[in-house]
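As structure tokens, the structure follows; a few thoughts come after it.
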Amino acid sequence: MRFALLVQADPAHSPSAISALRFAEAVATSEHSLVGVFFQGDGVQVAQHFRRPPRDESDLQARWAKVSEDCTLPLQLCVASALRRGLVDSPEAERVGFEAATLAPPFELAGLATFLAQMQTADRVLTFGVAS
Amino acid sequence: MKSVLIISQSTPYGRSSAAEALDTAMAAAALDVPVTLLFDGDGVLQLLPEQAGSELGVRNLSQVLEALPAFEVERCFVATPALAQRSLSPDTLALPGPLLDAEAVAALLRSADVVLTY
Amino acid sequence: MGGSTLFLLPLRLPAPPRRLGEWLRPGDQLLLLEDGVYNLALSLPEGVKGFTLAADCMARGVESPWPMLDDIAFVGLAASVDRVVTLTPSLLA
Amino acid sequence: MGGSTLFLLPLRLPAPPRRLGEWLRPGDQLLLLEDGVYNLALSLPEGVKGFTLAADCMARGVESPWPMLDDIAFVGLAASVDRVVTLTPSLLA
Amino acid sequence: MKSVLIISQSTPYGRSSAAEALDTAMAAAALDVPVTLLFDGDGVLQLLPEQAGSELGVRNLSQVLEALPAFEVERCFVATPALAQRSLSPDTLALPGPLLDAEAVAALLRSADVVLTY
Amino acid sequence: MRFALLVQADPAHSPSAISALRFAEAVATSEHSLVGVFFQGDGVQVAQHFRRPPRDESDLQARWAKVSEDCTLPLQLCVASALRRGLVDSPEAERVGFEAATLAPPFELAGLATFLAQMQTADRVLTFGVAS
């Protein structure tokens, strides 16, 4: 069974960010697979390059990177959500004259079309991080 | 093609979710993904007429809502139970599509391959 | 069309939900996770099975009256249904 | 000690608040702002004055049954009381 | 010195607010600012015993709460109405201080120069 | 009358960020004054250097900078909240080997002691951006 995830939750203020990651990690150890994880809205904040979690907290960014590597899983940020929150990749940083990318690899920018394509490939789609 | 139901259940300016629901619906329609947009819960507050987001320097959602048909998001519905619970009368709202009662919402949900909550 | 649905409830409901039975139908399942595990007093509609996510119960010191699922079981449950839908307090009020 | 308090309510209440009268006492004032302006049906405790923030009402298409304040009047009101306290749905439930 | 009342009204892991309320209270105490911490609303859910935040890889708030006296945050109270509304019994909680009824909460609020809500 | 503000709301997902700014702008045009604005929790996100609001939305960061300049008003971010969200000033960026500061001037990092001192100086303190 192929899963796609839509993550709308900022790790700094929503436990949904952790739920999404744990779900992905569990899929990775199961007979099922992930076709992609798409971060939209506040969800994109997990990819902030300079983010440093407090010592007593788990590093979600590093754990996503590991899932991505283990499963050759794309981690894509909605480009509109990312830009308004100051998350840019290297080409975009260069284009607008910033000193450096603020996006940590392997996260990358993508359009909604990417997510909609993943949705077509997946057997199940789960939403994590809705507002109350 | 898998069909997608987008449930828009956030207040218009409470979070960016309301705008993101519309963005996703328009992108789906542009790619010919069968998409249905349901306004339910606090999402029905997006339908109050005469909103002026510009007062706050934010995007005016009412204008985006009016543009939905132009972006070929043609299947839009509004959940009646959410109106009743908020003491809203349908004839005071800018309705983007037909009203659905609880039974019809349940059927709509079960006719979709994918359901996204915003 | 049709088939069974797994509903996720990740938030605490501020008041007893009036619309639970509108969403959950016989054969459906409900998983409480995150702050949703505080909704211990929910009475489920007939024919609906309820679960809680184990890690979230333990983190919050909540004793679950329903079967607890670990993460792997959550994945298995999501794979076994026809669709997964996230609910919110605003949809259930 | 004592004196008058201005309460701010910036969020929509999902259900009628049971504890409004516990917080708001005669002589106090309540300002609805942001998504709080959706709480039009609130019945205020005796002796409490209610206001809404004009820009938030206009942005949301809400007609205020209470006097609307512009931003300058909000500042004036905050300056005229002894303390300003932000309330939430969780505190009022 | 102005006195400050900190109202902690968020669930322990729902947002970072619960942790920030404690940080602010401890900083105030360290600077000899007269500080009172009130657990009310969903904040009383921070007081459930046997929490294991480490399950989720987040800071264990229970441990921080236990350390409050060591950080000289001595005036901690718990609002009874919030317990009743959540069907919680005081004897099943790790109480950091005395219970206050609605009248006492109202008096506490009016005795503070500054009130911060977290 | 001197005001101090505590801002806990992320401009990308909370209207409280706008309320706080509008309140500050209104104070600036009144007979009252501001002793400081302190950003804690998600509130710090407004200072993200690379943030670019959509064209049809107001630039809160620029408006805060203007209030700060007009009123010689310090805009301070809780350092703990900022670091966990990847917001660093130039000295901190240098210290940890990052390419650039992610904090836009005139926002600066400060400890809670700064806020508590502002609270002592102010006649009124308002909280914007609490969670539900």
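First chain written, first letter: the chains are A, B, C, D, E and F, and each begins at residue 1.
One rule holds in what follows: a residue touches a chain if its C-beta (ideal position, glycine included) is under 8 Å from a C-beta of that chain, and two chains touch if they have at least 3 such contacts.
These figures come from a predicted structure and were not determined experimentally.
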Relative to chain E, chain with the most remote C-alpha centre: B
Same-residue or different-residue interface between chain C and chain D, half as cut-off: same
Distance from the mean Cα position of chain E to that of chain D, given in whole angstrom: 24
Rounded Å distance between chain A and chain F, as computed from the means of their C-alpha atoms: 27
Separation of chain B from chain F, taking each centre as the mean of its C-alpha atoms, in whole Å: 33
Where chain A touches two or more other chains at once, by residue number: 12-13, 15, 41-42, 54, 57, 80, 125, 127, 130-132
Per-residue overlap in chain E, given as positions that touch at least 2 other chains: 9-10, 13-17, 42, 56, 58, 114-115, 117
Where chain D touches two or more other chains, by residue: 11, 34-35, 55-56, 83-84, 86, 88-90, 93
Full enumeration of touching chain pairs: A-B, A-C, A-E, A-F, B-C, B-D, B-F, C-D, C-E, D-E, D-F, E-F
Residues on chain F engaged by chain E in the complex (per definition of touch): 6, 8, 40-42, 78, 80-81, 111-113, 115-116, 119-120, 122, 125, 127, 130-131
In the complex, chain D residues that touch chain C: 14-15, 89-90, 93
Chain F residues within the chain A interface of the complex: 10, 12-13, 41-42, 45, 48-54, 57, 80, 83-88, 93, 98-100, 102, 131-132
Complex interface listing, chain B residues touching chain F: 13-17, 56-60
List of chain D residues in touch with chain B within their complex: 11-12, 34-35, 38, 41, 55-56, 58-62
